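Letters A, B, C, D, E, F, G, H, I, J, K and L mark the chains in the order given here, with residues in each chain numbered from 1 onward.
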Amino acid sequence: MATAIQTQFKRDILDGETNEQVTSLLQQNLINLVDLALLMKQAHWNVFGPNFRSIHLQLDEIIATVRGGSDEVAERIAALGVAADGRSCTVAASSDLADYPREFVDVKQTITLVADATKTTIDSLRSAIETLGDLDPISEDMLIAIAGPMEKHLWMLQAQEA
Amino acid sequence: MATAIQTQFKRDILDGETNEQVTSLLQQNLINLVDLALLMKQAHWNVFGPNFRSIHLQLDEIIATVRGGSDEVAERIAALGVAADGRSCTVAASSDLADYPREFVDVKQTITLVADATKTTIDSLRSAIETLGDLDPISEDMLIAIAGPMEKHLWMLQAQEA
Amino acid sequence: MATAIQTQFKRDILDGETNEQVTSLLQQNLINLVDLALLMKQAHWNVFGPNFRSIHLQLDEIIATVRGGSDEVAERIAALGVAADGRSCTVAASSDLADYPREFVDVKQTITLVADATKTTIDSLRSAIETLGDLDPISEDMLIAIAGPMEKHLWMLQAQEA
Amino acid sequence: MATAIQTQFKRDILDGETNEQVTSLLQQNLINLVDLALLMKQAHWNVFGPNFRSIHLQLDEIIATVRGGSDEVAERIAALGVAADGRSCTVAASSDLADYPREFVDVKQTITLVADATKTTIDSLRSAIETLGDLDPISEDMLIAIAGPMEKHLWMLQAQEA
Amino acid sequence: MATAIQTQFKRDILDGETNEQVTSLLQQNLINLVDLALLMKQAHWNVFGPNFRSIHLQLDEIIATVRGGSDEVAERIAALGVAADGRSCTVAASSDLADYPREFVDVKQTITLVADATKTTIDSLRSAIETLGDLDPISEDMLIAIAGPMEKHLWMLQAQEA
Amino acid sequence: MATAIQTQFKRDILDGETNEQVTSLLQQNLINLVDLALLMKQAHWNVFGPNFRSIHLQLDEIIATVRGGSDEVAERIAALGVAADGRSCTVAASSDLADYPREFVDVKQTITLVADATKTTIDSLRSAIETLGDLDPISEDMLIAIAGPMEKHLWMLQAQEA
Amino acid sequence: MATAIQTQFKRDILDGETNEQVTSLLQQNLINLVDLALLMKQAHWNVFGPNFRSIHLQLDEIIATVRGGSDEVAERIAALGVAADGRSCTVAASSDLADYPREFVDVKQTITLVADATKTTIDSLRSAIETLGDLDPISEDMLIAIAGPMEKHLWMLQAQEA
Amino acid sequence: MATAIQTQFKRDILDGETNEQVTSLLQQNLINLVDLALLMKQAHWNVFGPNFRSIHLQLDEIIATVRGGSDEVAERIAALGVAADGRSCTVAASSDLADYPREFVDVKQTITLVADATKTTIDSLRSAIETLGDLDPISEDMLIAIAGPMEKHLWMLQAQEA
Amino acid sequence: MATAIQTQFKRDILDGETNEQVTSLLQQNLINLVDLALLMKQAHWNVFGPNFRSIHLQLDEIIATVRGGSDEVAERIAALGVAADGRSCTVAASSDLADYPREFVDVKQTITLVADATKTTIDSLRSAIETLGDLDPISEDMLIAIAGPMEKHLWMLQAQEA
Amino acid sequence: MATAIQTQFKRDILDGETNEQVTSLLQQNLINLVDLALLMKQAHWNVFGPNFRSIHLQLDEIIATVRGGSDEVAERIAALGVAADGRSCTVAASSDLADYPREFVDVKQTITLVADATKTTIDSLRSAIETLGDLDPISEDMLIAIAGPMEKHLWMLQAQEA
Amino acid sequence: MATAIQTQFKRDILDGETNEQVTSLLQQNLINLVDLALLMKQAHWNVFGPNFRSIHLQLDEIIATVRGGSDEVAERIAALGVAADGRSCTVAASSDLADYPREFVDVKQTITLVADATKTTIDSLRSAIETLGDLDPISEDMLIAIAGPMEKHLWMLQAQEA
Amino acid sequence: MATAIQTQFKRDILDGETNEQVTSLLQQNLINLVDLALLMKQAHWNVFGPNFRSIHLQLDEIIATVRGGSDEVAERIAALGVAADGRSCTVAASSDLADYPREFVDVKQTITLVADATKTTIDSLRSAIETLGDLDPISEDMLIAIAGPMEKHLWMLQAQEA
C-alpha cells in the first residue's frame, strides 16, 4: 500500500507556512460542519410535540446548507494540497459542538440545542474569517459565503425562541 | 429538562419484545449506513490518480443512495416508538466498518476500500433481513429495498477491480 | 342492458377460490381507503386554531398517498377479473372507519380523529397482509408498499399529540 | 369535546341571511361534485370493451377537474364561516346523482351513464349560478368557472355517443 | 421636458365620464394593494415567537398574490389611457390601511394586524366591484378574480386566530 | 483474447449452488423479456385498422416497462457474478414466446397476440417467484416488482377484447 | 399590546455600538431599495413611445434584482437583532431618491430618470461599503454582492442614452 | 355520405332560440379571431426596419393568445350543439377585419395596421358580451376572459405609436 | 404610405431568376400548408362518433407540425427577399385543397377527408422538391424535412381506414 | 385469421418497383440497427475492468441513438405500405453483424467489438444512401440523419483504442 | 512527446484523396465560424445607443447557433481522422472575415458590420456545399443544416437596416 | 463612421486614474480567459487514448466556467466606460498562454497542457486581485468569484496527473 497513499501534494498556490495555517483552520471548520449535519439529522428524527412537523422540515433545509458548506470546505483543503478529514472517528474526537441527547427531544428544547450548535459553528467560522483575511482571500470569501446563510438560519431558529 | 426528553413512546403496532428486536436490528444498520456515507465522502475528497474524476462522481451517486437509506431506517425506528441514534459519537464507537486512511488514496486502492465497506454494510442488511421476515414484514421489505440498489452499486465498483 | 354489464371476467392468473379470497380482502381495504380520503378532505376543510395551516397542508399530502393506494387496490381487483366497488353508497355502508363530526374541529381534536382513522385503516391492511402471504405474493407486496408510508404518516401525526 | 367543535364562524363579508342562502347552495353542489368524482372512479376501474383505454384515460382527466371544483367549493364555504360537509354518509344520503351499477360496464353504456351524471351536476350548477348573481358575485364567478369546463367535458363525452 | 410627459391618452374603449369613474376606482385599489404588499413584507421581516417560520412563509405566499393583483390593476388603468400612480409618496398619503408598528411583533399580534389590513383591502375591492358592474364588466371581472383568492387568504389567517 | 473474457466472477453473496439456480431462473426470464419487447415493437409498427393509434401508443408504454424489467434482471445476473445473455441468437433460440406474424396485423388480432405473449411472460415470472422465495429474497422481490405492472398491463389489454 | 412588541433583541454577534452603526447604514439602504422598486414599477406601467416594450420588460428584470436586494438587507438587519423598517410612510419620508413624475413618461425621459435613481442607490451602497469594511465584513460582502449587478444594470440603461 | 354529416346536435343546455342567438354571436367572433391570427402571422413575416425584431417577437405572443381564444370559442359552439365554421373560404368572405397589404410593411405602419385589426376584434367581442349577459353567463364569461388580455395587448401596441 | 411598403428586397444569396423560381414554388406550398392547418382545426372541432377523442387529439398533433412547416416556409421566402403571403383572401383563392364540409362530420369520413388533404399537400411538396434540387439545396432540404413527418402522419391516418 | 393480416398496403407515394427497392434497402438496415442495440445491451451488462463505468454509460447513450434510428426506419417502411420485420428470429437469421461473445468481456475488447459492429452498420447505411439518392430523397435524407451521429459515436469509440 | 501527438488517424470511411478535400473544406469553415463567434461577442459587449438592449440579446442568440456549428464541424473533421484547428493564432491568421473596430460601436453600425461578417461566412459555407455534394453527403448535409439558420439570422439582421 | 464609434464613455463611478488602472487589469485577464476557452475547445476536439471520453466531457464543463468568466469581465469593463477587446487578432497577439499543438494529443499530454494554461490564467487573476483590493472592491470580488472555481478545476485536472 506504499505508493497508494500520500499525506500531501506539492502545490504552489500558497507558500508552505501559510498553507498549513489556512488548511488547519479549514479542517476544524470541516469537522464542525460535518458534526452539525449529523446533529441536525438526529434532531430531525427525534423531535416531538406540537408544531413538530414545521421544525422537522426546517431542519432538512438547514442540513442542505450545512452539507453544501462542508463539501466546499473539504474540496478547498484538497485543492490546497492537503487531505481533508471528515471520518466519523475524527469528527467524534475533535468537534467543538456540545453533546446532543440520545432520547426524543421536544420542540422547544430541540430549537434551543440546535440554535446553540449553530451558534458554535458560526463562532468558529467568524474566528477563522478574521485570521484568513491576511492569509488567503479566496478561502476567506468562501467562509463568508457559508457564514451568511448560517446566520440567517440562526435568526430563523432564534425568532422561534422569543 | 425533565419532561422535554423521552426515551420511548407507547405505540401498539408491534408487541414489546418484537419491537425491541426489530428496532435494535435497525439501529445497527442505521449506524453502518451513516458511517458508510461519511467514509465515502472521505474517499470522494481524497482520491487521486488517473481516472480520478469518474470515481469522484460515482461516489456521490452512491452517497445519495446511502443517505436515502439511513433516513428511511431512522424514521422507521421512530415510527416504532424508539429514538434513533445517528450521532457522531455513537457512529464512531459502534460502526461495523473498517477504518479508512486519513491520507490521499489512489483510485485503485479507493475502489477496494469502498467496495469492502459496501460489502460489510450489505452483509449486515442481509443478516437483518433474514431475522426480520418473521418479526415485521414492513421493516423487512424496507431493508430489501435498500439492499437491492446497494448490491448493484457493489457490482459496479467490483467490475472496475477485475 | 343485457350484455353491457358483467359481474366477473374469466382470467387464469389465480385459481377460483384463491381469487375470491384475495379480491374480497382487497375490496374491504378499498372501501376503507376511499373513506379515509373523504374523511381527510373533511378535516382539511374544517380544521381551525393556531397552527391551522401546517395541518391543513399535511392532510393534503396524506390524501395524495391514500388516493394512490385506493387506485392501486381497485385496479388490482379488476386485474384479477372482479369488478371493484368504490361507490359512495357502498363506502358509507361498509367502511370500518368511525364517524367524523360535521362541524369545524380544532387542530388538536382533528389530529386525534385523523390519527384514529389512519390506525383503523392500517390494522385492516396489516390483517390482509398476513393472510395474503400464502395466496398471492404480488397482492401482498402491493399492500405492504401501501402500509409503509401510511405508518410513517401515522407517526408524524402522533408525534404532534405527545 | 365542548370547545373543540364549532358549527359556524363570525365573519362579516356577507350579511347573515345572504350567507345562509349562498352556503346552502354551495353545499348541495359540493355533494354532487364529490359524488361525481367517486362515480367516475368507479367507471374508470370497471369499464371494458374495445376502445376501453381511451375512455379509461379520459375519465381521469375529468376527475381532476371535478376534484379541483369540489375543493374550490368547500373552501369557499369555509371562507364564508360555515363548515363544509363532504363525508361519505352525507354524500350517499343527499347526492342528486342516479345510482351507478356495481358490475363491469361496457364502453358505450359507461359513456351514457357518465354523461348523464355530468348533466345532472351541470344542471345543479346552472341553477345555483342564476340565484347567486344577486347574492355574491364571487361565489357566482367561481361556479361559472367550474361549469364551463364541465360543459366542455360533456360535449366530449356526448360526441362519442352520436 | 414638455412633450416627454402626458397626463392622459385618447382611447375610445369607454366614454369619457365612465373612464374617469372606472380608473379612479381602480387607482384607490392600486394604492391599497401596493401598501398591503409593503405592510406584509414589514410583517414578514419582523415577526417573532413560537410558530414564527410558518407565518413567515405564509406571508410571502400572500405577497405574491397581492403583487400580482397590483400589477393587473395598474396595467388596466394604463390600458384605459390614464397613468397609474403607485409611488411611495402617493401610497403613504392615500392608503386606506391602518398604520403598522415599527417594532418586532409577535406571531399572534402579527396575524391580527395582517388580517385587519387584508379585510380593509377586500372591503375596498368589494365596494368597487359593486359600482363597476354597470360601468366596465372587464374591470369588474378582474377585481373579482383578485378578491376571491384574497378572501381565501383571509380565512386562512383568521382560522389561526380562533 | 485469452484473459479478455471470463465466464464467471468470484462473488460470495450466495453460495455456489444457490447462485447457479438463481441466475439460471433469471436468465430464462431475461430472454423472455427481451423477446417480448421485440415482439411488441413489431406489433407497434404493423398494426392497422380503426383505433390503430390508441394501441400504437399503448404498446410503447408497455415496452418501456418491459425494457426496464430486462435491464433490472440482466444487471442482477451480473451482480451475482454471471454473464447475462440477451443476444439475438440466444433470444431467437430459447424464448418461450410463440411466433408473431411477419405481416400487417389488424387491431383485434394484435391485441390477442400481444396479450398471449404477455401471459406467457407472466407465467414464467410467477413460476420463478415461487422457487426464488427460498433461494434469494432480493431476486424474488425484484421479479414481484416486475410482474405486478405486467399483470396490470395484461388486464388493460384483455379489457379491450371483451 | 405590551409584550407583543419589541424594539430590539439581545444578540451577541457584534458589540452594541458597532451593531447600531451597521444596522443604521443598512436601514437607509433598505429604504432606498424599497423606494427604487416602487419607482421602477411606476416607470414600468407608465412608459410610452417607440421601443416601449423593450424598456417595459427590462424594468421588470431590474425590479427582481432590487427586491432580492431589499429582502437580503432587511433580513440581515433582523438577524442583527433590530427591527427593519420598510413601511410606506418611512419610505416616503426618508428615501434619498428624487421624485418621479405622476404622468405618462416617454422612453427617453424614463431611461434618464430611472438611471438617475439607480445611480443614487448605488452611491449610497458604495458609501456604506466603505464604512462597513471595518465594522462587519459579512454585511459589507452582502452590499458588494448587491452593488455589482446594480452597476451592470446602470450600464445597460446608460448605453441606451448615448 | 348521408349519415356521416350532421348540421346540429340535440342538446338541452339552452332552449332553441337562445341557443341560436348565442352560437350566431360566437360564430362571427370565431371568424374574426381566426382572421386576426392569419393577419398577424402575415405581419410577423413581412415587417422590416429598425427595431424589427422586437415587434416580430411581440406578434407571436399575441398570436398565441388569439389562437387560444379561437379554440375556446369554436369548442363552445360545438358544446352547444352547432358546428363551428373556421374554414378559409368562410373567413375570407365574412371577416370584419380590413385588408392587409401583400408587401413588406415597415415597423410603424405594421403597428398601426395590427392595432386597428385588434381594435375591430375587440369591438366585436364587446358587442357580443353586452348581448350574452342575459342569454348565457358561461359564454359571456368566456368572451370577457378573451377580451381582457386582448385589450392589454392593444395598449402595448398603442403605447408604441404615441 | 409611400416608403412604408416594399414589394421586394435586394439580397444576393441567389441570382435573380433562380430567386423568383424558388420563392414562387415556396409561396404555393405556404398557401397549402396554411389552408391545411385551418382545415384540420375545422375537423378537430366538428368530428363526432365513437373514437372521437382519439382523432380529436391526433389532429392537434398534426396541426402543430403543419404550423411549424408554414412558419419555416414563410420565413425562408422573406429571407430570400420576397414578401410571403398567407392572408385569408389569398389562401381561400389559391389553395390546392378540396373544400371541407361546413357540418359535423363523423370519425370515418373525417379521416378520409383529412387524409386526402394531407396527400394533396404532400404531392405539392414532392413536386417542388424535385425542381429545387438544382436551384437551392437549402430550400430543398427544408421541404424534405417538412414532407417526411407529413408522410408519417398520412400513414397513421390511413392505417385507421384499413 | 384471413382478413386480419395483410402483406402490403396500396399507397401511391412511390411507383411499385421503386417502392420495392426502397423498402428492401430499409428492411436490411432495420435488421442491423435492431441487432446493434441488442449487441450493445449485451456489452453494457457484461463489460468489466478499469474504466468500466465510463463505457457502461457511453453504451446506453449510443443505444438510445440506435433505437431511435430503428424506429424511424421501421415506421418509414410502414409509411411506404410494407410491413417492417424486426422479430428476433429475423434479426438472428439475417443480421450483417458478427457474433458477440457470451461471456464477460474486458473494456478494451468490448470497445473493439462494439466499434466493429458500429462500422458494419454504417457501411450498410452508406451503401443504401448511395442508391436511395435517385429513388426517394426523403428516405435518403432519413438515413443520412441516422448515419451522421453513428459516425460520431464511432469516432468516440475509436479514439479510446488509439 | 514522441507518441503523444499524431497528425492523422487511419479511418476508412472515405478514401484518402476525398478525405483530404472534405476535411480541408471543413477546416476553413471552422476558422470562419470560430472567428464569427468572437466578433459577435465583441459586438455584444461594445454596442451602444437607443435600442441597445435588443441587439445585445439578439447577438447572444446568434452566437449560440454559431458555436453549435463550429463544434459540429470540428468533431466531423476529427471523426474523419484529421485534427481540427481552432486555435487563436490560426483563427487570427486565416479567417476570411474583415476586421472589427476596437471601440464602442453604435447600433446601426454594429448591425451593418455583423451582417457583413455573417454574409462572408455564409458564402464560404455555400461554396463548400456545392463541392461536397459529390464527395460526402453527410458532411454536405451538416453544412446545409448550419447554413439554413445562418441565412435566417442574416435576414433578421438585414431587416433592421432597411 | 465619425460618430458611430467611441473609445470611451463618461461615467463617474470611479475617478479617472483608478478607472484606467482597473480596466487595464481586467482587459489582460479578458484576453487570457478568451484564449483559454479556445485552447480548451482545441483540446476537447483532438484528445485521444484510453479514458478519452471522460476528459472530453470534463473540458466542456471547464469551458462553460471560463466563458462565463470572460463575459463577466468584459461587461464589467464596459460598465466602467471602456470598450472591451476580445477579438481574435488581439487575443492571438497579447495572450499570456503558451502555444498548444496543432495535432491530436493523447490524454496524459492533454491534461498537462490544459493544466498549465489554467495555472497561467489563475496567476494572472491572483495578481490582479492583489492590486484591485484598494482600487475597486466590486471588481476584486468579481475576480475572486472567478478564480475560486478555476482553482477547483485546476485541482481536478492535477489530481489526474498524480
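Going forward, contacts are C-beta pairs under 8 Å (C-beta built on N, C-alpha and C of every residue); 3 or more make two chains touch, one makes a residue touch a chain.
By chain, with names taken from UniProt: A, B, C, D, E, F, G, H, I, J, K, L = DNA protection during starvation protein.
It should be emphasised that the depicted structure is a prediction, and the values quoted were computed from it without experimental measurement.
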**Prompt:** What chains do chain A and chain D have as common neighbours?
**Reply:** C, E
**Request:** Rotation angle, chain C onto chain L: superpose the C-alpha atoms of these two copies and give the value as a multiple of 5 degrees.
**Result:** 180
**Item:** Centre-to-centre distance between chain F and chain C (centres being mean Cα positions), rounded to whole Å
**Value:** 32
**Inter-chain centre distance, chain I versus chain L - centres from mean C-alpha coordinates, in Å** = 49
**Request:** List the centre-to-centre spacing of chain D and chain I in whole Å, with centres computed as mean CA coordinates.
**Result:** 44
**Prompt:** Considering chain H alone, which of its residues make contact with at least two other chains?
**Reply:** 6, 9, 48, 51, 54, 75, 78, 104, 106, 141, 159, 162
**Pairwise chain contacts under the document criterion** = A-B, A-C, A-E, A-G, A-L, B-C, B-F, B-J, B-L, C-D, C-E, C-F, D-E, D-F, D-H, D-I, E-G, E-H, F-I, F-J, G-H, G-K, G-L, H-I, H-K, I-J, I-K, J-K, J-L, K-L
**Prompt:** Okay, in this complex, where on chain D does chain E touch?
**Reply:** 6, 9, 11, 13, 75-76, 78-79, 137-138, 141-142
**Asked** Which bits of chain B are touching chain L when the two form their complex?
**Response** 47-54, 56, 106
**Message:** If we count contacts the way the header does, which residues on chain I are in touch with chain J in the complex?
**Reply:** 122, 126, 129, 133, 141, 144-145, 147-148, 151-152, 154-155, 158-159, 162
**chain F to chain D touching residues, read off their complex** = 51, 54, 58, 108, 156, 159-160, 162
**Asked** In the complex of these two chains, what residues of chain K are touching chain L?
**Response** 1, 3-9, 34-35, 38-39, 41-42, 45-46, 48, 71, 74-75, 77-78, 83-93, 95, 99-106, 108-109
